[in-house]
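Take a look at these structures.
Both of the next two complexes hold chain A, though its partner changes from chain B to chain C.
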Partner chain A sequence: MNNKKMHTFKETVIEASEKAQQKSPPFLVMFTEKLSHIQGVSAIMGIVVLFIVLSILSPYFLTIGNLRNILVQMAVVALLGAGMTFVILTSGIDLSIAANLALVGTTIGVLTVHVGVYPVLGIFIGLCVGSAVGVFNGVLVSKAGLPALIVTLGGLTLWRGLAFQVTSGYDISGMVPIISFIGRGDILKIPMPIIIMFVYYGITSWVLKNTKLGRYVYAIGSNEEAARRAGINVSRYKIGVYIIGGFSAGLAAMVLIGRLDSSGGKIATGWELDAIAAVVLGGTSLLGGRGNIWGSLFGALLMTMIRNGMNLLGISPFIQMITLGLVIIGAVWIDMIRVRGFKRSHRD
Partner chain B sequence: MKRILFCVSTCVMVLFVASIGFAEGSASKGAGKVIGYITKSASNQGWILINQGASDAAAGAGYALITLGPAQQGSLTGQLNAMEDMITRGVQAIAIAPVDSSGVAPAVTKAMKKGIPVIAVDTAVEGTKVTSFVATDNLAAAKVQGNWVADHVADNGEIILVNGLIAQSTGRDRRDGFLATIKKRKPNVKVYQVSTKWGQEEAQNGVEDLLQAHPKVSFVVCAWDGATMGAIAALKGKGYAPGKITIVGFDGAPNALQAMREGWVQADVAQMLYQEGYQGIKAAIKAAQGQKVPERIDTGNTLVTPDNIEKFIKDNKLDVFMSKK
Partner chain C sequence: MDEDKINDQDFILEVKEITKHFGGVIALDKVSLHINKGEHVALVGDNGAGKSTLANIITGVLQPDSGSIWFEGREHIFTSPLEARLNGMETVFQDLALANDLGVVENIFLGRERYRLKLGPFSILNHSDMKKQARQVLEETGIKIQNLEVPIRNLSGGQRQGVAIARAASWGSKLIILDEPTAALGVQETKKVEEIIRKLKQQGISALMISHNLTQVFSLSDNIWVLRHGKMVGSRITKETEPNEIVSMITGAHSLYY
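And then the complex of A and B:
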């Protein structure tokens, strides 16, 4: 009897908590914890849900041909998204990326179809033009200190106007064989756009993870001032990410004009917003410093699946727009909750 | 120092407000023979033809033509701003190709109230009166499309119909005209519809998806030739040969006609696009001179097939637009 009375309240509590810590947490808690570590988990969840829903609603959805269509149709936005990821990771933005695509597309079109330049040279020049626009963006943002939003907002109309000017407003119909192959050809039955998309994502994700550029991109996005004081040449790397954005636009342009088999100033109008949506849906923060590139792929996939489903079910394009808007807002919201919860549970 | 700044800024504000008042007042006093023409945006070949007709009409009558288009294709605000500018400049008449049939109504009402005649070109204005509407009768033209398809499609055939933007009268009329005709003559034909905002990529994706889901489709009917080009790209992407699936276009745009020469397009209901622009500006000039103008001018249509395509191209002076292959 005496022993029991010796236990103070405090000791009882300590004993109880020691016992509790020895038990492993329930599976569901562990699962959600693991999930919250995955970037872009909301996009992946959305894809899984949509996959199930569309398979039930339409008998045509779950066919190899349709799934192949989705992968092909998402390629251009995915490529833009890859470039956009680098820019957004540094807390920048590139609203002109789609207009850049149009400029490169019309340049390649005019050079290879009208002027008759060697196709490979035309492609090379096109990629240079896209990267040059990237240099333009990067220099103005990092050296002149202009806000990225403004520089690229101006670029949105500037580059597209130039694209129209280059073609005098006409569309160029019928691309040269190598471009047609890029857009509509296949290797071992896999369409080229899909191959290009995965290869590019493989390369860029390797760059982000394993190179100095990748590490510095995250550093600049997390805290630019601290990065500068740590001796990182912030200007150089900022210009670098905009060049990557521009190059991505050039690559995307080739795939798009190959698919359309035509080129003109109005291609990809508004797709800069799709690119940003893909990046955001993928879990990359618009404030920079956090995110990964494969998330952007999932973001592009989600958006294309929605559009594909709407086409198969014959739903009006206005409902499509409403749905996409709600999905984007919802996904960012879920991601915010995830990040806050993550921070909270790891505060100590 | 602060007082001087205050006085100066007040004077500037007063002058600014006064100038607005003056501008409003001097609106319709612009001298000279000037017609305002607001386009949808010359980014597809059909529109280049319309605009050519417009400028020729103005030049022929000795009038200056101010052509303004929205900076972004499909931008309603862009067109509304352009209307405001035209009214301020005091043009004698305005011809407009509305991006949105109802959206431009307020600006049109304003112009008409100021005594500036407004002619709607290619797409109707809804919700307010205009001096005249010059366009293809899209319902009638779509019926021609429907009848050609009904003549050639199997009784239980399957068709993909690519629609334009239903918010515009043009989009609605072309869809309704086609569907009414095909449903009446071949009621057992299945029609799968794609809805777009007049975007060529949207059309291509829609045709790809529906073709994948319904492999028995034998016809793709398009509400405009941008969709025709998108459908062709979709077929090329699937490795189909020209003619394996019948494509029926609308507009008679040069690139679609070239595709017809190559065997991709079997019929195209051509609008007299040059006439739309030409008759539109001619009507605007007549109205500006105080003459009476018919409320509806139908510029007609022509069914183009490989049999009469060369004659059509020659008659409409389209040679210069055809690509040199």
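And then the complex of A and C:
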């Protein structure tokens, strides 16, 4: 075999025909595929377009106050999105994440304001409650084998119902100082929600890239059976990602109730969809295995800009709902185009 | 089988009178087989002859109803592929048990990553160490992949199969089970994978290869074992037989001669 250039005629023909079989797809599909290799590209494109359009349409959009406001507003969805990214990367889903947020929010509210528990302890208990909901989801999904969609869909009403029950349906207003600080305070003029958001993204992205957990999250989402055969304790890591989802909900709850200076069962209603849309717009595939955490940050920014822009333009809440629904469907559609692209390049 | 052979050190694997039922169907009927150390053995047979069932029993995916398996001179019926792997028996699965979204290095080390610091699930990966070792393994196995960072899905079928084999070899395995190693590959790709399998032999790693491709079986194996309808029809030394004989053993035409 030392004369590699001396191909026989047959080999040359075979090689040529093999090459010809890999037909090049139509230009548009190729274009989208090329773009889709860059993480979160649809979100970034959306952000740029929206930024230009809103700057032209609204005189208020391009003010420091408003831009700062957008960053503060996006923090809650971004924090939910960070947790959601872990779950979706394993090809799971957590529809209960916003309801969990409400449960943690009311728990912290009741404990610190009504019961008068030491604030730090209240926060700690709140984060434990959020994580416990994650354990509940994770165990039912991985051990009992229930579909994540159904378990967390049930959780969506279960945890919110529990949140209302905890507060007897009333709102709790006037949060304790530490919670207010988390939601409205700032360090060196940078609002706390923004700091928390970036620190959390820094940590989670590091975890995804450099730890056993992160590696296994991708492995499980990519090929669960392969992960199992490689000796990975799949159910343990699946429970792990739902715990991260629940913990993220807890963190988001603190930021939100601090910002609102009140807490109640109805906070963040429907925000699980914003979080999912943020993750998918950020380039993480609903089928798992592909994506990264920073994309979700861009996705969250885009979702918040859409809301903010429509508010500035005085678009009615109904139209806003319609628009966000369309954005979510569009995001999933983009994901599917991407997956088909990958399948095509997956030559067997 | 006489009991004297139990401690025969020349056998890396000995399968004795394995029987397996699926409901009322006998998948394997007192099947025996042995592999010498360093030997490459092919297991052939028609569809449904029980090749995969036997491979699954050897690697611990399935448990036999009766019979025994001796691995490295000790009786050892594995209860899971992981247990088999930890004991030095590695399987390269037909459906490529690779995570397609991960890179080459990630796949080679999947499930046994190297760490800088052990912290349970938050153990910190040692990227550079794994990359260095992966390069070495790929070189030893003769697999050429330029960019180790790209997701496996962007590699060709042959390269992916190569990664799967390299991964098996890198576990420090003594025996590798190859289930249809080239079934999904083109001509050129098949050639490359065959070269990789030959490299395994040079490294002294035994292999049990399940294949439909008789040309391949003849070019790669030392011994050929034939299964038909769940029974071991017999074995032939590759050098001393010819495809026609094996085909007749596979199809049963063989029995007409007797």
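The rule is short, and it goes like this: the second predicted complex is superposed on the first by the 288 of 348 C-alpha atoms of A that agree within 3 Å, B and C clash if a C-alpha of one lies under 4 Å from a C-alpha of the other, contacts with A are read in each partner's own complex, and residues count from 1 in each chain.
Simple rule for what comes next: contacts are C-beta pairs under 8 Å (C-beta built on N, C-alpha and C of every residue); 3 or more make two chains touch, one makes a residue touch a chain.
The shown structure was predicted, so the numbers you read here are calculated from the model rather than taken from an experiment.
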| item | value |
| --- | --- |
| Partner chain(s) touched by A:Thr157 [first = chain B, second = chain C, both, neither] | first |
| Partner chain(s) touched by A:Leu260 [first = chain B, second = chain C, both, neither] | first |
| Chain B versus chain C as contact partner of A:Gly231, first or second or both or neither | second |
| Chain B versus chain C as contact partner of A:Arg290, first or second or both or neither | second |
| Chain B versus chain C as contact partner of A:Tyr218, first or second or both or neither | second |
| Overlap of chain C and chain B interfaces on chain A (superposed complexes) | none |
| Chain A-touching residues of chain B, taken from the complex the two chains share | 42-45, 48, 71-73, 166, 192-197, 199-202, 204-206, 208-210, 212-214, 229-230, 232-233, 236-237, 255, 258-259, 323, 325 |
| Complex contacts: residues of chain A adjacent to chain C | 11, 14-15, 18, 207, 210-213, 215-216, 218-219, 221-223, 225-227, 229-232, 236-237, 240, 289-290, 342, 345-348 |
| Interfacial residue positions of chain C with respect to chain A in the complex | 81-82, 85, 93, 97-102, 106, 110-113, 115, 119-125, 127, 153-154, 156-157, 184, 186-188 |
| Chain B-facing residues of chain A, complex | 58, 60, 63, 65-66, 69, 72-73, 157, 164, 169-171, 173-174, 180, 183-184, 256, 259-262, 264-269, 307-308, 311-312, 314, 316-317 |
